[in-house]
Amino acid sequence: MNGKKVIQIHHVTRIEGHGNIDIQIKDGKVDKCQWQIVEAPRFFEAALRGRKWNEAAHITSRICAICSIGHTLCSLKATEAALGITISEQTLKLRKLLINGETLQSHILHLGYLVVPDLVGAPSVIPLASTHPAEVLLVVRLHRLANEMSDLIGGRTIHPQRPVVGGFAKWPTVAELENLYQKLESAQSDVMTLAGFVKGLAPNFPKFSRETEYIGLTHPTEYAFYEGEIASTDGGKWPVDNYKSIVNEYLVPHSTAKFARHKRDAYMVGALARFNLNYNKLLPGAKKLADDVGLKPINFNPFMNNVAQLVEVAHAFEDSMQLTKKLLEKWDPEEKPIVSVKAGLGSGSVEVPRGILFHEYEYNKDGEIVWANCVIPTNQNHANIQKDMEALVEEIKERPQEEIELMVEMLVRAYDPCVSCSTH
Amino acid sequence: MDKPRVAFFDFASCEGDQLQIVNLEEDLLKVVGAVDVVSFREAMKGHSDNYDIAFVEGSITRRSDEPRLLEIRKNAKILVAIGACATIGGVNLLKNFQDLESVRKFVYGDKFFQYETYPARPIKAVVPVDLEIHQCPINRDEFVMAFKALLMGKKPEFPNYPVCEDCKKAENICVFEMGMTCMGPVTRAGCGACCVVEGSVCWGCRGFIDHPNADSEREVLAKYGLSVGDILKKFRLYTGFSEVSK
Amino acid sequence: MNHSMPDGSPYVPKWAEISRIEKLTESEKLFELRLSNGQPLGHKPGQFVEVSVLGIGEAPISISSPPINDNSFELAVRKVGNVTNAMHNLGVGGKLGIRGPFGTNFPIDEAKGKDILFVAGGIGLVPLRSFIKFVLENRKDYGEVTVLFGARNPSEQLFLSELEQWRGRKDISYLETVDRADENWKGNVGVITTLFPKVQVDPAKTICVVVGPPVMYRFVIMETKAKGIPDKQIFLSLERRMKCGLGKCGHCQINNIYVCQDGPVLRYSDIFALEEAL
Amino acid sequence: MELKKIDKPDLGLFLQNLIKDFQVEGVKRKGQSVYGQSFFYGSINAPDELCLDFDCTTMPPKKYFIPPKEELLKFTIAPKPEVAEVIESKPLIIFGVHPYDLKAVNQMDKIFSEGNPDPNYLKRREGILLIGVDPTKVSPRSFWNSMEAASVSSGFDLMLTDIGESYLVEVGTDKGGNLLKKYAKVSSVTKEEEQKRIDVRSKIWNMCKKRALNFPMRELPSLLVNSLNSPLWDEKASKCLSCVTCNMVCPTCYCFDVWDDVELDLTHGQRYRRWDGCLASDFAKVATGENFRETRAARYRHRFLRKGQYLFSKLNDAACVGCGRCAAYCLPDIADPVDVFNRLKEAVK
């Protein structure tokens, strides 16, 4: 070997969207280490100009399929803020249930279909169907339940139709909610089995650590997914309206997606950030699971994002049962959204599976968008991926090329990046 | 008989159509069992250029993406466009109706020139397409139907009547009767009028039927209170490409 | 409600096995079939069957052979879509679902003792062949027999060996033409109506049977009128979309007529006034 | 004619009893539209779900007789092709069918039992008990009075009429009579009550005269034959969306399409039929591309001719019962038979 390693991964697989990795190591020195975003920009923010208040969520949902529920809800929140619309307690709870559905299906998909193959050394989930049939069917079962829950509440898992400005266009029936509760209840053991399975594989996660800032929503009484204030592990809390002072988006030449930084040169959002910020608000089962696997805040290992996702799966299942129960206590399927249109500016934020998401719109008096901005979690993670990659490659640069290749791919995958979403 | 070799690709899109395929759950295992999946970036490592059927998601929005599509066309015996972005341009088309420089500046500011783009277009505007599976996102059942037909060497049959037919079968109250407006009367059915069923309206994401009576639809929309500008917008949300290509 | 319940579903096909396949042209094949139950199909010339390829669908196909002793029957099929493609992919021994025979037949009895003028355009020869062969087999029952056949070009001529026989037969007059000739074609060139001046008929005792593409009918009828053949002595076979063959699904309806039941063979005098028929 | 009486408070009891032993389907309220309450047929699980004072349901009850999608065959492709018929039927009571819809069912009965009897229809039909009800309200586009569909003399097992404090029940069949005996509390009917039924009926029939044909319905066949080349077809059809709504909502439209579906194993499958409509642009199109009703006008005209002339010769009656659904739900509002037929009549005068 001439001491030269060139790693060029053209379109990293098992992630959403197109990203490349370009690493050059020569004589033990890292010459180049770059996370490149080559996705085609779609110009959503510009395209929104001139569209109506009741189309914004429909359009922005298409920014990303896997977090389309989150985009829909975030868009509705921004529009509601701009038009001065308040939602009912029932709508609030049901939206929280809906976002749990998304968190669940996305995390289960990521862990079960995309991460586990790495941990057991398979190229995809397909061969696992014969080597680990029981586990694969378990993942499929849980994934289906999460999708069924999203279908039931959103109308459809991808690009849901039911959530609309001011509330819901259609409600589940009492019988459907009762049925959901039962399904969630009987899935508890599956969740525990999954946890056991991933826990067993946990030693296979690389040991790596790099101190960084974690940003996400926090809420006084709950593990924040749908509402709260922006918070940082470096300290500080800000109302959502101030999001621009947190994200500070900037352009880099090798990326069609924008990058972001707060006080440091990078920060991380996502399951690990939420875990680090909201550990105290985890429901008992999830907290026990976290303690079992030894995940403690503040954890600085990005690979542990996958374990944080597992903890969130347990949390979201538990929380969904509680929410369903509460909804059933007082249920009004006749509730109708009330909307009046006026000019205004408003922003909204939710935690989607990959981290904190912001939408902000300005409307004219006819309810048409004149200005729009969307900041996607993966935008906020790109810089941190870059920094982690630099640090990781530095640590492992002596190892064989294939191993480096696998490790950096695993690193990117650990973030569960939504690349096309970040290049919206 | 050798299993057909299948590959999945995507261009500008939300990847929702591939996700719908992943969301087939138990059926996904049967689907991938019936064929040899040689490329599916979203779900697997590895790739081969030797495939029979290519499923392509997404629109083409910049010239530099064309060679990759041409390559796919060259390799594939059957090219199937999946989802609204690929079949009719999807919401990516919205930017086409604005000045593209202003669009780029709006998003990327003074560095806009670094970010290449051209008017978004469906796959068929760049290479010949053998089959189109419509909707945003594609409907899982319809995908499976088309997939099975392909395996059997049969041309899948897609409806050529408007969503209103599905809508009546679903026994919905027509949204026009509820003070809303709808693209169902000119949009290709096959979705079971899913958006109306779920309390919304038909947005037109499955594209026009073969011979839409667009004039009559415009008259209906006007009768129910839409302005000329709003009617135009409604048509442009999904079916704007036919306007451009005319 | 008074009704008699049929035994079993009329949608259930019988099975027939392919005993011989002959390639007629690039896009047409002849299938010889026998019902698996050993029974004759029991059809009359002009009738059709609904052919099933399971998983693909059903298509109405005319029976191209006259009823014959060995219980076999023949279908000649042009490859145009799903079912017909699937049929073309089958080999000898392959099984097809058969429902029918359905529909009306050519006037085999009415034409007895009369002269017959057959006019076949393109694939129209497929159904007409059953009647032509029937007449040839029962030659003495019929008067003068004239066969006019037009194809778009020589390579689209069907049943070449039979055409060769007909050319040589003294007891019929066979005339043919092609719209476009190729280098080997020595015969007539022109659309089928150009053959009419070459034939002489006794209009009072001539039964004329015409089968061809929809556009052909109008022009041929002009010629038969010119020859003075009464409308009620002219028979046509019509093609329509069909889904059931039972007079229910509505697709084949032309005014009051269901082509699958009241047709496909229809008397011109019964339909000339119908909008949409021709 | 056997006539009985059920006091209104006892109707719920009757229904309650039926629900215990049968699957009962009936008219329910759906959401409000700008035109008021909408109604549809659905399962009745408790007496108060049933609504008997509806004007007209959005969809007719035909889905119970001809499901929108119905399996005809199950098959196995390999190793040896095999098929098995599928003829499904389950006992059902449809509670609350207006006379015009009953007339439509009578027509379907005739169509599916004559010629080639259709066992799928007939078997299903056998299991269905029909409890008719005279309307108390008239929907804005109805004209059933013109179509000789204000009342039917047969086709129901029981027929209810609201005469105020009670319902009079006419027994149409033995099955209906037995149902009444076993499940309802009935009393006998006085002469006055019988007269009241006549009065109530003529009152409602009179209310359905706002929209009416300007000529006797039996003239339809000759009118239509003489109107084949009317410019009206083009004028109206130029706005036709080919949306097939008029076919879907019509209680007398029954055309269907047949197709095959296979499982993912590509070995097992089903043959289905599904509702189709003659207004669909490809309805008469064949594989070679020929479309025997290429223009909107040809398809549009076909529907009216079918209703008023083609099927007339089969049924000796118009295949339109005047429910007005097509008129109400056609978005460009071109499908109203009253308007079309009256204008044709004007033109030939």
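In order of appearance the chains are A, B, C and D, and numbering begins at 1 in each one.
Definition applied: a residue touches a chain if its C-beta (ideal position, glycine included) is under 8 Å from a C-beta of that chain, and two chains touch if they have at least 3 such contacts.
Remember, predicted model here, so these are calculated numbers, not experimental data.
Pairwise, the chains sharing the most contacting C-beta pairs are A-B. Mean C-alpha position of subunit B lies 37 Å from that of subunit D. Centre-to-centre spacing of subunit A and subunit B amounts to 25 Å, using the average Cα coordinate of each chain.
In this assembly, the C-alpha centroid of subunit A lies 65 Å from the C-alpha centroid of subunit C. Taking each chain's centre as the average of its CA atoms, subunit C and subunit D sit 39 Å apart. The multi-chain contact residues of subunit D, meaning those touching 2 or more other chains, are 259, 262, 266. The multi-chain contact residues of subunit C, meaning those touching 2 or more other chains, are 55-56, 81.
For subunit A, no residue reaches two or more other chains under the stated contact definition.
Applying the touch definition to all chain combinations yields A-B, B-C, B-D, C-D. Per the touch definition, subunit B reaches subunit C in the complex via residues 152-155, 157. Within the complex, the subunit B residues that touch subunit D are 27, 30-31, 34, 144-145, 148, 151-152, 157, 160-162, 164-165, 168-169, 171, 173-174, 176-179, 184-186, 209-213, 216-217, 219-220. Every residue of subunit D that touches subunit B in the complex is listed here, in rising order: 30-35, 38, 40, 58-59, 68, 238-245, 248-249, 259, 261-262, 264-266, 275, 277, 280-282, 296, 329, 331-332. Residues 72-73, 75-77, 80-81, 83-87, 109, 111-113, 115-120, 122-123, 125, 155, 228, 254-260, 262, 266, 269, 271, 273, 276, 278, 283-288, 290, 292-293, 298, 302, 305-306, 309-310, 313-314 of subunit D are the ones touching subunit C in the complex. The touching residues of subunit B, counted against subunit A in their complex, run 10-17, 19-20, 22-23, 25-26, 28-29, 32-33, 37, 40-47, 61-62, 65, 90-92, 94-95, 98, 102-104, 106-109, 111, 114-115, 117, 120, 136-137, 194-195, 197-200, 203, 230, 233, 237.
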